[in-house]
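Pasting the structures in now, so scroll down.
Common to both upcoming complexes is chain A, partnered first by chain B, then by chain C.
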Partner chain A sequence: MSAQNAWWKSTEAMVAGILLLAMVLIGLVNPAFWSLENLFSLARSNVVIGIMALGVLLIMISGGIDVSFPAFAAAAAYLVVRAMVDWGWPTGVLVPFLLATLAGAAMGLVNATLVWKLRMIPLIVTLGTAAMARGLLNGVVGTSNVNINKYPKSLIEFGKTDLVTMTNAKGATFGLPATVLAYLGLALAIHFVLSRTMIGRSVYAYGAAPEAAKRVGFRTGRSLIFVYVTAGALAGFAGLLHSSMIWMANPRDFVGWELDVIAAVVLGGASIFGGRGSVLGTMLGVFILVMIKNSLILMGIDTTWQRVVVGAMLIAAVALTALRDRKAIV
Partner chain B sequence: MTTNTPLIEMRGITKRFGGVTALDDVSLQIMPGEIHCLAGENGSGKSTIIKVMSGVYQPDAGTILIDGKPAGVLDPVKSTAAGIQVIYQDFSLFPALSVVENLTINSFLHEGARLVDRKRARAMAREVLARLDVDLPLDAAVETLPTSGRQLVAIARAVLADARLIIMDEPTTALTGREVERLFRITRDLQAHGIAILFVSHKMREMLDLSERLTVFRNGRKVAEGPIVNFDEAAITHAMTGRALEVGHYDAPAAEGAPRLEFRDVSVPGHLSNVSLKLWPGEVVGVSGLIGSGRTELALAAFGMLPPATGAVLVDGQDVTPRSVQQAIDAGIAYVPEDRLSEGLFLTRSIRDNSIVSSIRRFAPGLGLNRKAAADATREMFDGMAIAAPSPEVAVGTLSGGNQQRVMIGRWLMTGAKVLILNGPTVGVDVGSKATIHAIIHRMAREEGLAVLMISDDVPELVANCNRVVTMVHGRITAELSGDTLTEDALNDSLRLNIEVPA
Partner chain C sequence: MTNPSLTARLSRAAGGATNLQLLLVCFVVLIAMSFANPRFLNAYNFESMAFFLPELGILSVAVMIAMLTGGIDLSIVGLANLAAITAGLFFQRMGGAEAGIGTVLIGVAIALSVGLLGGIVNGLLISRLRITPILATLGTGQVFTGLALVLTGGPAIVGFPAGWNAIGNSKLGPVPLPFVIFIAVCVGVWLLLTRTAFGLQLMLIGTNPRAAVFAGINRARMLVYSYALTGLLAAMAGIILSGRTNAAKSDYGASYLLQAVLIAVLGGTNPAGGRGNVLGVALALISLVMLSSGFQMMRVSNHLIDFIWGAFLIGVLVLNYLLSSRKEG
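Here is the complex of A and B:
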């Protein structure tokens, strides 16, 4: 957007700089970081959180915030897998993913309607719908995991498809999962929509100045529906993708993911005030977050402390972007 | 240039909000390609008629004709389709988006485009900026532009959207002199392209210099209309306020006893150096100078926001040199800042809540608020300040600028202040309200022995309302004018001198 400002001054370049610096530092402390095996594993960890982050990015650009996507993702994945196990339908790969995506979109539509029609604050709306989605899922459908022994074979096959397969020094195989392609494809699509289509631009316009967007003649209701439904759809898709990558469907999955994903999106330069953010930045933000968490694990740091680190990163990123946005306004 | 069919004709427009009649049987005609000025005080119905024209409000009665044909009920889409574009005071731009995108986004939108054609957008932006003969960085985010630049973007956007009538709502409020000149040039350019302009303003010079026809509103009615040559400043003022304005000097009572407020060799590194100034009870002393001359810093030093490094501030001969705002208030010093909206008022709260907030201890000696005392004191202030509102219970945000300023001043008087420092007391306040505010200040000074320090860059205002005016440059007082030497010419000369020969 602000191409006039030299590219190296852009938020994305700064985030990329931080990423490179962190990679060099981590590589110095632990040379195993640069091993192909570790890089592939990093890429794999990016996929699900990255797809969810794309949805949160949309909502944040529109000036909202979403904490319901982990619940939607868990619900969509569990519903589809349960149906496959209990009813033997749907089968294959495509239809299940389509259904999970649609289920997520339908739940996103509930968010959109509440935010748009009742003009409610997105944080409160999504807190409520998240609690309801989790509650209904556990109360009506069930609370037991679908484990690998019952898990649909078609999804297991899909989840372990690799683009490249290699063998490490100890003789174990590792690979770059094909699901990375799904992530990259979706990122490209969202990038195109955000930067080149009127609906995408309307999200920026609405997020930056809702009143001005209305005066110019944007149908802002449509923008909101687009944003929340797409975010829901991405969550549903990511939910089943995650499930197929770990060969298990857990109705209580994704608890606490909102912290990681929102932190990643903010790290990537999206503004909590709306109107700002990019797919590239978000992908970089996701990579930083995943990489740091991964390194903390390699360093043997306890998971409880990881949350402290992620929380601190979130606050630091929000403070930095808020500073940037305020500077830009003056 | 003008044909005989008005571009837009509004007949007998009435608009009510609850019990308030904002527009009462108003008519307004704008011919194609004319520069028409709409004048009126705040609250006269100017903004309401703009919103009727742009289709934001639907009138309760009356008809609108566009090109001589009844247009029915206007909505924003119909209004823009008829070529009516409004430049609001906030410009309605998208701060994080580029100039190109801000210019072209609504054209694309009205074409029903689904994709953004970046090449064409650039070409369109280049063309319209060339047409207006202005230079703007195409790829810069709009938020990085100064106010004047943002206004140009808003105007260019209106032109791109095939405007036939551009309505500018108080467009010069935030512009410097040169920027106003440029805006006038562009406005005349637009006219040369056959675009009509409705200039909404309450500044005399703009009306007289720029417009061809003038319509004046007062209290929701049209009170005057005609070619600008039929008007002069006095006639416009009379039409706007319904009364002739008296311009005279303020004569302070003779100085006696100790000065009410005294600055004694006050220095703040980087802001003020060795400033000494005495104000006796009943005096209204003006401070003039450019921004950065130390005029605002002088106020801040007295109000405890910029504590002096050396020197002292005295009230009634007592050294009170404040180190904090609370100390200044306790010493009887009150300060009304320039930006009352962001620095002074709680817009969503009532007049009463806003009034008692600075003297809250007086009404809440213990834990509870003495509601009766607070209400009585507010009522007294409300009447004394002649605030035009149904009751002290209404939210301050619903008042006009002049009435908000009265609430601000009234609040301080309720603290029992002895010294009142006003920074830009009538910025954004219309002519009639200005007069009322000045009258109140004079009465308070004369009857209650208040010493008033009035900071302003409005030369006529200072000359008419102060008994003395000092000018400041680089943190020093450089001249003092009073009595017969206090004239607009002398003050202008003194200011000009200051610019050319920095002390």
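Here is the complex of A and C:
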């Protein structure tokens, strides 16, 4: 996008417009949508899927796709919580999250090596690594949940922390979870890396035209490693964050999440052919997806329709981006 | 046709050296598993494999067809379940388990039409709206599964007519009927790919899309045909699966998707398009089914078998890479 393009013509503005329109419509159907309680719960639901979407965004900008991150997230979270429960180590909050992030990064490194060295289609590589991660986790480590009664207290406290706490009409308290800050912080960081650093620009360059990126001197192997390792790290972090927010570690968690996250990223304007996509667009896409899924109940639609709606949204979004990309080329 | 071209075509149809390698893998697995399990070389074991393997095999052939044009179809399992469920709902209206053979035939036709229709939708999305196959079929797969969930409300549909269950459970002489259907599908697809203009054009689109367009091939129409065929095969797999288990549910066979992709790739199909053959896919299928059946006998957990499938996929990729780089070097 060149600078003289008006901002309201940008993909982000279009997505934001759709988002506002949808919010107004849902609000008309059910005014309860605008209650602070619902908005806080929406923000809460954005956190985990949003952090995962940041990783998928990186991978899609580089021209790849990833279906392994849900398995990595479940594995990282379960391994760390299991260690905390069985061995009493690590303790606290910081070290567990650091370990989960590192575990995710290590698994991402496997993807990176395979995609880079083998020049193999990312979809097939990540299908394979996802099956390996889930198979090993459930077959060797275990299939039983760590429930709230055994769940590490430090993580429960962390997941419970609210920025603002309020009381609703019925006297129950609700709040804006502090984990929202983690999401916003990570989004800012990724935005900075993508727009202001050499490695970030190299990801765009590689995604748009791998050969050209190599010829102008980018070390494209490094870009790929950066992309897949960061996506793995974000997945590992998001996995433990999710677990601490629901006070439970489920080794079979996140099944089917890949579709939601990929749909959100595509909804936010990223192209699967690489070279396009932004953090702001992705965050808007995540918000639309989460909001529509959550609002089905508010609008009185049966939840069995959720999958149909998400699938249809994904198709509509990719159809729109396909039309946009075709126009852009002409 | 002169003789040399005929032999060349034959060896190409057999997949050349790759299929010999696969045959070797097949034998290695067979021997290893027979040593590891004394009960492996047992007629009953092979019969149960022949009942279990066709649904996965047909799905693998379906994935291969989608890959020939450089695409992929991630919606096959959703479509298979949707087809079986639609037929199941039809049977519920028509007398349930007591329905006669005529009703069963109509049910089969309904299920196949659902598959065909779903495949055409995929083909149109990919060819007309130019959506990437991964995203288009990821989306439609979700829609198909979602519709199946909406139609059933969650629980499995049970109580299929006897005629329907016979498709998945009866035997033709000593050979299980599903296996016969699988062989028929293999031969049919093999003939279609190697003996018709359709097959040639499909391969050309995958090898070089631009050249294919310049050669006057109607790419959009070919894509719709190929995804329609993929959808039809998915529905056949759905019929066999629900006939074998006497049930249909929106989330049956979820692990089949990875396995079908793995078998297609292992069978020598190039995911970037242009290369793939039915014999290779069948050989890959047989070795992997023997592998997992052997491990099951050794009481290896199903989760670890999933891991082995994934590791096998990655292992094959590494091996292919090493072999091809040695050839280049």
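Just so it is clear, the second predicted complex is superposed on the first by the 323 of 330 C-alpha atoms of A that agree within 3 Å, B and C clash if a C-alpha of one lies under 4 Å from a C-alpha of the other, contacts with A are read in each partner's own complex, and residues count from 1 in each chain.
We adopt the following convention: a residue touches a chain if its C-beta (ideal position, glycine included) is under 8 Å from a C-beta of that chain, and two chains touch if they have at least 3 such contacts.
On a predicted model such as this, the values are computed, not experimentally measured, just so you know.
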Based on the superposed arrangement, let me know which partner A:A130 touches: chain B (first), chain C (second), both, or neither?
second
So, A:A208: does it touch chain B (first), chain C (second), both, or neither?
first
Chain B versus chain C as contact partner of A:G217, first or second or both or neither:
first
Between chain C and chain B, which one touches more residues of chain A when both complexes sit on the common chain A?
C
Does chain B (first) or chain C (second) touch A:G275, or do both, or does neither?
first
Looking at the overlay, does A:V48 come into contact with chain B only (first), chain C only (second), both, or neither?
neither
State whether A:V308 touches chain B only (first), chain C only (second), both chains, or neither.
second
Under the stated touch criterion, which partner chain does A:A319 make contact with: chain B (first), chain C (second), both, or neither?
second
Between chain B and chain C, whom does A:M198 touch in the aligned arrangement: first, second, both, or neither?
first
Quick one: in the complex, what on chain B touches chain A?
76-77, 80, 88, 90-98, 101, 105-106, 108-110, 113-116, 118, 137-141, 143-144
Given the complex, residues on chain C that touch chain A span 72, 125, 129-132, 134-136, 138-147, 149-150, 153-154, 258, 261-262, 265, 271-272, 301-311, 313-314, 317-318, 321
In the complex, the residues of chain A that touch chain C are 65, 114, 117-121, 123-125, 127-140, 143, 259, 262-263, 266, 272-273, 302, 304-312, 314-315, 318-319, 322-323, 326
Chain A residues touching chain B in their complex are 1-5, 195-199, 201, 204-205, 208-209, 211-213, 215-218, 271, 275-276, 328-329
